[in-house]
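What follows is a single structure, written as structure tokens, with notes after it.
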Amino acid sequence: MLSFACDYLEGAHPLILKRLSETNLVQEPGYGFDSHCENAKRLIREACGCPDADVFFLVGGTQTNATVIDSMLRGYEGVVAAQTGHIAVHESGAIEFGGHKVLTVPGHEGKIHTDELRALLEAFHGDSAKDHMVFPGMVYISFPTEYGTVYSKKELVDIHNVCREYSIPLFVDGARLGYGLTSPACDITLKELATLCDVFYIGGTKVGALCGEAVVFPRGNAPAHFFTTVKQHGALLAKGRVLGIQFETLFTDNLYFDIASNAVSLAMKVRNIFETRGIPMYINSPTNQQFPILTDGQIAALEGKVQFETWEKLPDGRTVTRFATSWATTQKQIDSLESLL
Amino acid sequence: MLSFACDYLEGAHPLILKRLSETNLVQEPGYGFDSHCENAKRLIREACGCPDADVFFLVGGTQTNATVIDSMLRGYEGVVAAQTGHIAVHESGAIEFGGHKVLTVPGHEGKIHTDELRALLEAFHGDSAKDHMVFPGMVYISFPTEYGTVYSKKELVDIHNVCREYSIPLFVDGARLGYGLTSPACDITLKELATLCDVFYIGGTKVGALCGEAVVFPRGNAPAHFFTTVKQHGALLAKGRVLGIQFETLFTDNLYFDIASNAVSLAMKVRNIFETRGIPMYINSPTNQQFPILTDGQIAALEGKVQFETWEKLPDGRTVTRFATSWATTQKQIDSLESLL
Amino acid sequence: MLSFACDYLEGAHPLILKRLSETNLVQEPGYGFDSHCENAKRLIREACGCPDADVFFLVGGTQTNATVIDSMLRGYEGVVAAQTGHIAVHESGAIEFGGHKVLTVPGHEGKIHTDELRALLEAFHGDSAKDHMVFPGMVYISFPTEYGTVYSKKELVDIHNVCREYSIPLFVDGARLGYGLTSPACDITLKELATLCDVFYIGGTKVGALCGEAVVFPRGNAPAHFFTTVKQHGALLAKGRVLGIQFETLFTDNLYFDIASNAVSLAMKVRNIFETRGIPMYINSPTNQQFPILTDGQIAALEGKVQFETWEKLPDGRTVTRFATSWATTQKQIDSLESLL
Amino acid sequence: MLSFACDYLEGAHPLILKRLSETNLVQEPGYGFDSHCENAKRLIREACGCPDADVFFLVGGTQTNATVIDSMLRGYEGVVAAQTGHIAVHESGAIEFGGHKVLTVPGHEGKIHTDELRALLEAFHGDSAKDHMVFPGMVYISFPTEYGTVYSKKELVDIHNVCREYSIPLFVDGARLGYGLTSPACDITLKELATLCDVFYIGGTKVGALCGEAVVFPRGNAPAHFFTTVKQHGALLAKGRVLGIQFETLFTDNLYFDIASNAVSLAMKVRNIFETRGIPMYINSPTNQQFPILTDGQIAALEGKVQFETWEKLPDGRTVTRFATSWATTQKQIDSLESLL
């Protein structure tokens, strides 16, 4: 059965498996000290335009969020995120497990608004009881967001400036970074993004890798002993080569962006297929996740033929659904979807 | 250069890469709900003789230790381990990060002694101040140990009985389980081991997999919502298939045990090579790790030709070293080592 | 200068100091095993109509909230509270420090609404992604609330029923319990309250004691080894007698309720003083905290003469203030306030 | 019945109760911002010879240890202590609750030896696997120790120098500080102690107060937002005055040292009483705790007449006991003990 249920339905880009096979029996040191990690770090520094960047490879997104946030906050600090942010909802309390509160501002199609962020910070610092409260010590945003939307350059600059003003770092969760940066709606480059935040990660799991997220501290600003914090969080992969080889491959010949771009193009076709049939979108998402609003009848008609996620029930009885493309989606699958509808 | 530095120097057993490739573009659900995980769980239940076992796949050893221990302890409890146990020394405080103390008993070539375990438990329960102390809520042992030694069946039965007596679970860290069970010194089977403990894991990372540890609760005794605890620890792999396929392959046609057995046979040859040259072993290890005691001259002579770990400096100036074989070690490498010495 | 800034401006009820002096040099065992704690527990069990209750004495409110909540939740669970709840805002993240998320529902003058509580629980249990989320494992309410309001018996029964339905405990923060139970608006007794929740505490710090909160598990349902959890949280007072003597005194001859009742009566006069001068209240609080809305001019006129807290700036420029009475407030102070206005 | 069971058997020095009564109805702000806390801080700064010291008042010892240690360590760091140290044994894992491991060196009658401390630090920093281990980030000692012994000035200077060399802070747990500083065996003053460590506390609970410990950061070196960390740990007392008044009283007219000195003198008499009867001491303790070794017959003879703690059973069947004097002990009680023996 055809599936658009998520963007981690397949294994890895074939070139990755090929490289894993080619290098398989070469002996390499563990824990990220292998030649592939070194090379992948170099390629990522180049792609980000950050020659001094500290780069670390972790395995998954929740793990990366928890480790990065815990490493950058002091014990009395929390992290500010959208109410709909992944860390606020779908990580089983991994941030709180590390002792930190997630302070929330409203999510607007997944995005935080600068004025609401500023209001939270102003209110906190103007509150006479602030010493009894959790200090907002970091801002977390996802790019693209959980709703597929992307921040404009202006929005990012504004958030960046608020963070500067309050001297707190900005962390960008890039679990789907490729799909954001290659979106037609995106007006920012990876290099620009790197200048606007203090730490971000380049998602591999959802963009062609078996697993893996590349954490980038753009100005060599990794917290002291971040390696040990990674280990403490159970996030250190013994065979670091597995991550190194994957990012080395993804950042060779523009592969990461090419496959992301293809997924976004196909997502635009998915959207068009729905819209031309009069099926509206819940959100105007310019990335690989599309959110058609389906009637129960439409859902029933698709059952057993194509998989997708149901997202939310609307008051009028219709259902917001999610159809995701990925690096692995083919034009043929899009054609099949079209013929089903 | 030849290396015996550790047992995670190469990628994965070629059959695993083959299976990853063959299944690569088949769409499967995430988070361990794919057909490969299901099949791997079935194969593991069979191998363990535990039809009711709960099986979960995690990525790495420290992560698995921290997640399992945290899930089974109440807040006021700690875990008892050997002073030399991995969780007590080399996990950057991952257990304490979860709020739990590691209570230690002496390690004897990596093993805990039943009488010392019993003494700790008796002393605790007989202490009038015990309510001001950390409750010993679980026992952790590694099989084989960090020093390559294996517990005898009798030793395991004794530890098991002490745990029963005090109603606390026994957890077996099997990061190198294959090398233990296929050791000529081992008098216990996987099925027997499963009856003697409350949770254990079958190490994949060090025994042929790219990554992965299979946690087994032998009698369907996983703590409630263990899945959520795994997520909370950042230990849930989105593409669970990557772990499922690997364990499916390892537990088909006895592969896991065959490759482990081969590594142990070659380790016995490594040991013989040293001993026939009058180089003594620090520990009588019957598994894949061997600990020759080398002089500075011997170390200098090997430099640049073969890699190994230095373990400990002895008072007489000699050095305990570690030479590890693995599923990937070949007879040719052993021959090379022999000709070097 | 006159102060209505809070309800912990003075020391303790004189009878408490008298009893501390009378018993001062009698030798008593530590950690709550003294005769006064025993006696106080007996008196509290009687007052609550709970002969089997487990009673523990802790020092302060935040400490009590953190200890009780941590002791009753499993690692993957969080606690549901009003967005304005003390644990959600003013405890510096003490709950998260213990690893637990505070899940919030809207606060309505400090109270949670049963339908919104039920909606949160229904939404969670109906969410296909719930295993990736924090389990709502407990409900926290304050009585009276941070805004001085009290739940009606019907409201409490409804919340109790929702908790029963979802098999999660209900915890009542009674830091100001006396002021709630003696409010003219209160239609519930202490004995009834005890039947409607799974754990609550009787606040001493704000109702006549130097410090101290009495935690009551009404049906002998304290979690195993709660004493050790108290110690682990740094909440065990060596000289438990200090807490025992205070609660013994407060629960002798109805002192606790008499002094609370007096504070509430005087608070009604404070309110009347403002209202008869045309100064509106922000909230219709029937307990010891009153929230007059003052203009900048009115605030300026009071400056240097009477202390109170500023709570919130309204859009129209006026300020919500808080005037609190306490067990120590006198009619003379009320008269002084009146003459000032 | 006579009791020497511990040094917190009575309430508080009568002058403290007197001052609590005298100030009882004066309105003061909460959370340590009252005039008594201010005054007590001034008096303590003077006594310590540290005009720039940051001083905070907490309620109890375990709480203070957990709060101070957590505030000064980064997430990947642990604290070094004697195996017999209070934080290592008798705090129910409060340090680990905050996420930090207690790294231990042997305890020698409660003291750590500089050479063993240095060896631990050298071994750690020389270990090629140190990034997989918990960083020793602080040293904890108790003065006097849990066994009543005191460090000499030379020993403290040596420990101080090792800490300087490794750039880690030294924390002195002074739960019984008064009894240490007024011991005839003590060759160091409070002012000298303050120069040799980075943070220490002056124990009130065991030296005349109802409760309370005064934390001193001698050179104004409190961690940023320590107040909030105190609140987060549930260690902030609403009526800070209760602590302020007590330390104000204790540090007026040398009261703290006078009452401690008297307790030590009486302890020396206790010891003499035992020794002149041929009863040996387990440890040569020059402070308020004495450890006679009693036979079962001797213990039986004292039963029902005098209370004391049993500490440890010796291989020869005799029992190490503890007799503690305190600020409240009288010559008459010593006489009674003598006549009993």
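Per-chain numbering from 1; labels A, B, C and D assigned in written order.
Criterion: contacts are C-beta pairs under 8 Å (C-beta built on N, C-alpha and C of every residue); 3 or more make two chains touch, one makes a residue touch a chain.
Just so it is clear, the structure is predicted and the values come from calculations on it, not from any experiment.
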item	value
Intersection of the contact lists for subunit B and subunit D	A, C
Which of C-D and B-C has more C-beta contact pairs	C-D
Option in B-C, A-C or B-D whose residue-number contact pairs overlap A-D by over half	B-C
Chain whose Cα centroid lies at the greatest distance from that of subunit D	A
Distance from the mean Cα position of subunit C to that of subunit A, given in whole angstrom	42
Separation of subunit C from subunit D, taking each centre as the mean of its C-alpha atoms, in whole Å	33
Whole-Å separation of chain centres (CA-atom averages), subunit B against subunit C	50
Residue list for subunit D, restricted to those that touch at least two other chains	75-76, 91-93, 97-99, 131-133, 228-229, 231-232
Of subunit B, residues touching subunit A in the complex	3, 5-6, 8-12, 14, 17, 20-21, 23-30, 59-67, 91-94, 97-98, 205-206, 210-211, 228-229, 231-239, 241-242, 328
Of all residues in subunit C, those that touch subunit A in their complex	75-76, 78, 89-93, 96-97, 99-102, 128-129, 131-134, 310
Residues on subunit B engaged by subunit C in the complex (per definition of touch)	70-71, 74-76, 98-99, 131-133, 135, 224-225, 227-229, 231-232
